[in-house]
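One structure is given below, encoded as structure tokens.
As written, the chains take the letters A, B, C and D, and residue 1 is the first residue of each chain.
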Amino acid sequence: PEKLAAFQARIDAGEKIEPKDWMPAGYRKTLIRQIGQHAHSEIVGQLPEGNWITRAPTLERKAILLAKVQDEAGHGLYLYCAAETLGVSRDELTEMLLDGRMKYSSIFNYPTLNWADMGAVGWLVDGAAIMNQVPLQRTSFGPYSRAMIRVCKEESFHARQGFDAIRKMATGTPAQKKMAQDAVNRLWFPALMMFGPSDADSVHSTQSMAWKIKMNTNDELRQKFVDQTVPQIEFLGLDLPDDGIKWNEERGHYDYSDPDWSEFFDVIKGNGPCNTDRLAARNKAWKDGQWVRDGLLAHARKKAAAKVAAE
Amino acid sequence: MAAPLTDNEALFQFLLRMGDNTLILGHRVSEWCGHAPVLEEDIALANTALDLIGQTQMWLGLAGEVQGEGKSADDLAFLRDVWDFRNLLLVEVPNEDFGRTLMRQFLFDAWHSIQLGHLMKSSDDRIAAIAAKTSKEVTYHLERSADTVVGLGDGTAQSHDFMQTALDYLWPYVGEMFTSDPVDAAMVKAGIAPDPASLRADYDVLIKRVLTEATLTIPDSDFAHKGGRTGAMHTEHLGHLLTHMQWLQRAYPGASW
Amino acid sequence: MAAPLTDNEALFQFLLRMGDNTLILGHRVSEWCGHAPVLEEDIALANTALDLIGQTQMWLGLAGEVQGEGKSADDLAFLRDVWDFRNLLLVEVPNEDFGRTLMRQFLFDAWHSIQLGHLMKSSDDRIAAIAAKTSKEVTYHLERSADTVVGLGDGTAQSHDFMQTALDYLWPYVGEMFTSDPVDAAMVKAGIAPDPASLRADYDVLIKRVLTEATLTIPDSDFAHKGGRTGAMHTEHLGHLLTHMQWLQRAYPGASW
Amino acid sequence: PEKLAAFQARIDAGEKIEPKDWMPAGYRKTLIRQIGQHAHSEIVGQLPEGNWITRAPTLERKAILLAKVQDEAGHGLYLYCAAETLGVSRDELTEMLLDGRMKYSSIFNYPTLNWADMGAVGWLVDGAAIMNQVPLQRTSFGPYSRAMIRVCKEESFHARQGFDAIRKMATGTPAQKKMAQDAVNRLWFPALMMFGPSDADSVHSTQSMAWKIKMNTNDELRQKFVDQTVPQIEFLGLDLPDDGIKWNEERGHYDYSDPDWSEFFDVIKGNGPCNTDRLAARNKAWKDGQWVRDGLLAHARKKAAAKVAAE
């Protein structure tokens, strides 16, 4: 309890906690869950965009998409490294993803169905992710904070590229505009859900906020996202995806309809449109890759042994 | 049956060969996205694909200029059908598994790096410039694919088998890199590019060194499939690849993306 | 958001649903060509695909007439993109293996045969005629797929596992067959087609009998994926399927074949 | 030797040999090889056409192609049955195909690269096959003769459909005409090779002809094919695929260039464009299908046992 108070004092003073520092078990556990989940999201997040890489319509768009997906894999790598400083290995985390013990962001359980989705994912999904992540650059755990600083820089680049891609669609042929509208309609509510249910309904929030693992309430961030995004949709000349969106002069914010949270919990339970296929794809990659990992490891050991023998 | 090649037509064909190789291989490699055996490989494969697509923009961009019909690199990539492609058959074979993918990459990188070394001295400045720009990337690709081939060839018995199977399957597609035809003769005459056959000795030395270290056996056959770089006979695989690659451009002609 | 449906629009949507089911399932089944586990199955699968394509010609042919924009069955099959398709998600999931393919066939045939039984009494003569013509074929499909599901479910431990895995995977796609929307309401009102929900009881009896004989366990969940028959949200698989199916029509618009 | 003479006398008298009749070992062996090879050709022959089923350009073309491939599987079935009457099982024959001990027609080791190939395969390849098969309706072995009668009827239908398909291409858009020309150019010489090398170079021919297992020389049939096909190519308005084709008034036949027989022997050796992929596809189908065959067999046995127990 004394240690705990000192720990909280450090956090309150804005100090960073480093891996070798003492920390409460709950802090460690919550961080592992949060960072791991974030890492998994980057990995699984490759799939909906990977779905269109082979169909990218121009060489430049293919290059941009490849670079983005490559960045996501890179983010996964930083985040797994950050989680490893808390005493859990990447392989352990991966196993937990593959057998369903750990989650990834539910947004990736929605399908990408037309090329405009590649723009909408960058703009809306990465946009929403950034809302979550920017404050986390100031999170109390050092390695996490540093990972988020790198991640955020690249994510905002992706969000801008995504907006550019969907702008091209929204101002293109009627068919392209239709794709853009369809993408926004499908992804709007799932994007709002990315911030999680209202904090009133969330059990872990208060403690996480005290520990500076969570920096803002879900509703604050969601409102910020809506306020930023609605004018962009209008700028694109697209219809708003929700009849409930209206500027509220009094609040100085946009009103909007609450997403269907039963769908949210359904998707978390495993019943999203793509949960099964996403996990199956990751499991297949892992299983098919076993011989590769084994082979490379065996070779590395042989080389190390040969080096020792030579010395 | 065909009329004799003009120098410009030959140059155009040569540039298609360079650009179609990187285009099709880049596409194949990009199919791995999100499905690699380990995160570092996801990153490396995406990086390789990205480099190859970038190189394609340069080669096919120049091809379009040389052709002089106002076609962009995208037009050439997305609006030709199978018979107009000029890539090696090697780069269009399916990925199958990580072993075949990496072995194919290595067999191509080895040729590619030697070829670019010569092209840096091309009499055509534009080609020399592209070669200079891309050869650093390709040197890195070769380093990486060679290391992986060695690591897996000389890894476990199982990984060795995968790699030997991959090599046996791909070997008949190697010889095509060194066949020469009137296009090549025109390139040699103009000092633009080397005779493909002249690269074979260096290539053999290079791959023999790596494959020996990988404890793999080079098949005892010099049979070679042909038809990709002339366009006379591609594999059935290329047509399937194009259905994906060209889908949007074909389905929505004239749109801008 | 949409304007209220006219009767004609609803009828068009209904016909697309019928025709897109047979089109997409026929396509999936045709992917097996030359790759089946045994020669008799190659023949049977080709035969099923052939029937389904023939049925598609009737349903989409009529859909084109009803739409009144001069579109042929081929126009509808080959020139719409994902969002305009109205097939059940069930029929677009990949074949994966023979077990999933046959289980999907059985789950669809069971619904299809019941649906056609009702449609034979449709107030629309054209629909009643198509139903009468096709129901014999579908009765045979059902007999065959049910027999195979029983044979493999009650075969070896391994074949049982394959079939149970297939059933578990496909089960969430079953519920969509029985969802109703304004299109269905319009069809019921006009006496054209039954309310989908009303078929469930017969369906459950039918599949329970067969799956029990096959020693398979129906998953204890009524969760259902939706979005195919309304077009609101297909799976990612459909777009890939279309790249193949529509390739030639997209690449060579206006040609006659 | 006496038996042998009586056997030959029966053949010379135009009698059919039936499975239960005595026959020389060489006759049996040659027939098994020939019928088996023909059956395998039907099976492997599904693959080059199957390659385009998923890309057929209209519903009608898809239906026609499916029906054709289904017929081919059916022919395979008749032929395996005919071979089985000689004491070799379908599974044995299949294993010999899969491990390379038995061959199939080399034509199927060439790729199908554009839609016009579907026409050209029906017209040229089935056309050449029919030239071989029509006389075999009168072959001395009864089950083989009866199988060929059924096969020939369907094959000529396919050949007509193939001609119709390529005619549509040859008289279509410039791109379609180009595809048709390309198909004819690629398939002409391989089709000529289907008749086999000149009989002068063939060892088995004399004995096979005496036994009425082979009814005409390879060169006779090849000439007949050329004479029939050249006017069709001209009718289609396509260029002749061989500069050496010329009407020879004196012979009353078309002259033509000899195919490159080194290519023929190369393909037989396994070095055709598709040998590896074709055999791999068949091996995969067989291996992946093992559990299905096992399962269905086990079920059939259970049912039979239950029936016995009930009696």
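The rule we apply is simple: a contact is a pair of C-beta atoms (placed from the backbone, for glycine too) under 8 Å apart; a residue touches a chain by one contact, two chains touch by 3 or more.
Protein identities per chain, from UniProt: B, C = Phenylacetate-CoA oxygenase subunit PaaC.
This is a predicted model, so every value here is computed, not measured.
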item	value
Between A-C and C-D, the pair joined by more C-beta contacts	C-D
Chain centre separation (subunit A, subunit C; CA means) in Å	36
Distance between chain centroids, defined by C-alpha means - subunit B, subunit C (Å)	42
Length of the line joining the C-alpha centres of subunit A and subunit D, rounded to whole Å	57
Junction residues of subunit A, two or more chains touched	55, 175
Multi-chain contact residues (two or more partners), subunit B	81, 243-244, 247
Touch-based graph of the chains, sorted into line, ring, star, complete or other	other
Inter-chain touch pairs (all)	A-B, A-C, B-C, B-D, C-D
Of all residues in subunit A, those that touch subunit B in their complex	43, 46-47, 49-50, 53-63, 66-67, 69-70, 73-74, 76-77, 80, 90, 115, 168-169, 172-173, 175-176, 281, 284-286, 288-300, 302
Subunit B residues touching subunit C - in the complex, by the definition given at the top	81, 240, 242-244, 246-247, 250-251, 253
In the complex with subunit A, residue positions of subunit B that touch it	23, 27, 30-31, 33-43, 46-47, 49-50, 53-54, 56-57, 60, 73-74, 77-78, 97-99, 148, 150-152, 154-156, 158-160, 162, 244-245, 247-249, 252, 254-257
Subunit C contact footprint on subunit A (complex, rising order)	48, 51, 55, 111-114, 175, 178, 182, 186, 243, 266, 271, 273-274, 276-277
Touch list for subunit B against partner subunit D, complex	1, 81-83, 169, 172, 223, 225, 227, 233-236, 239, 243
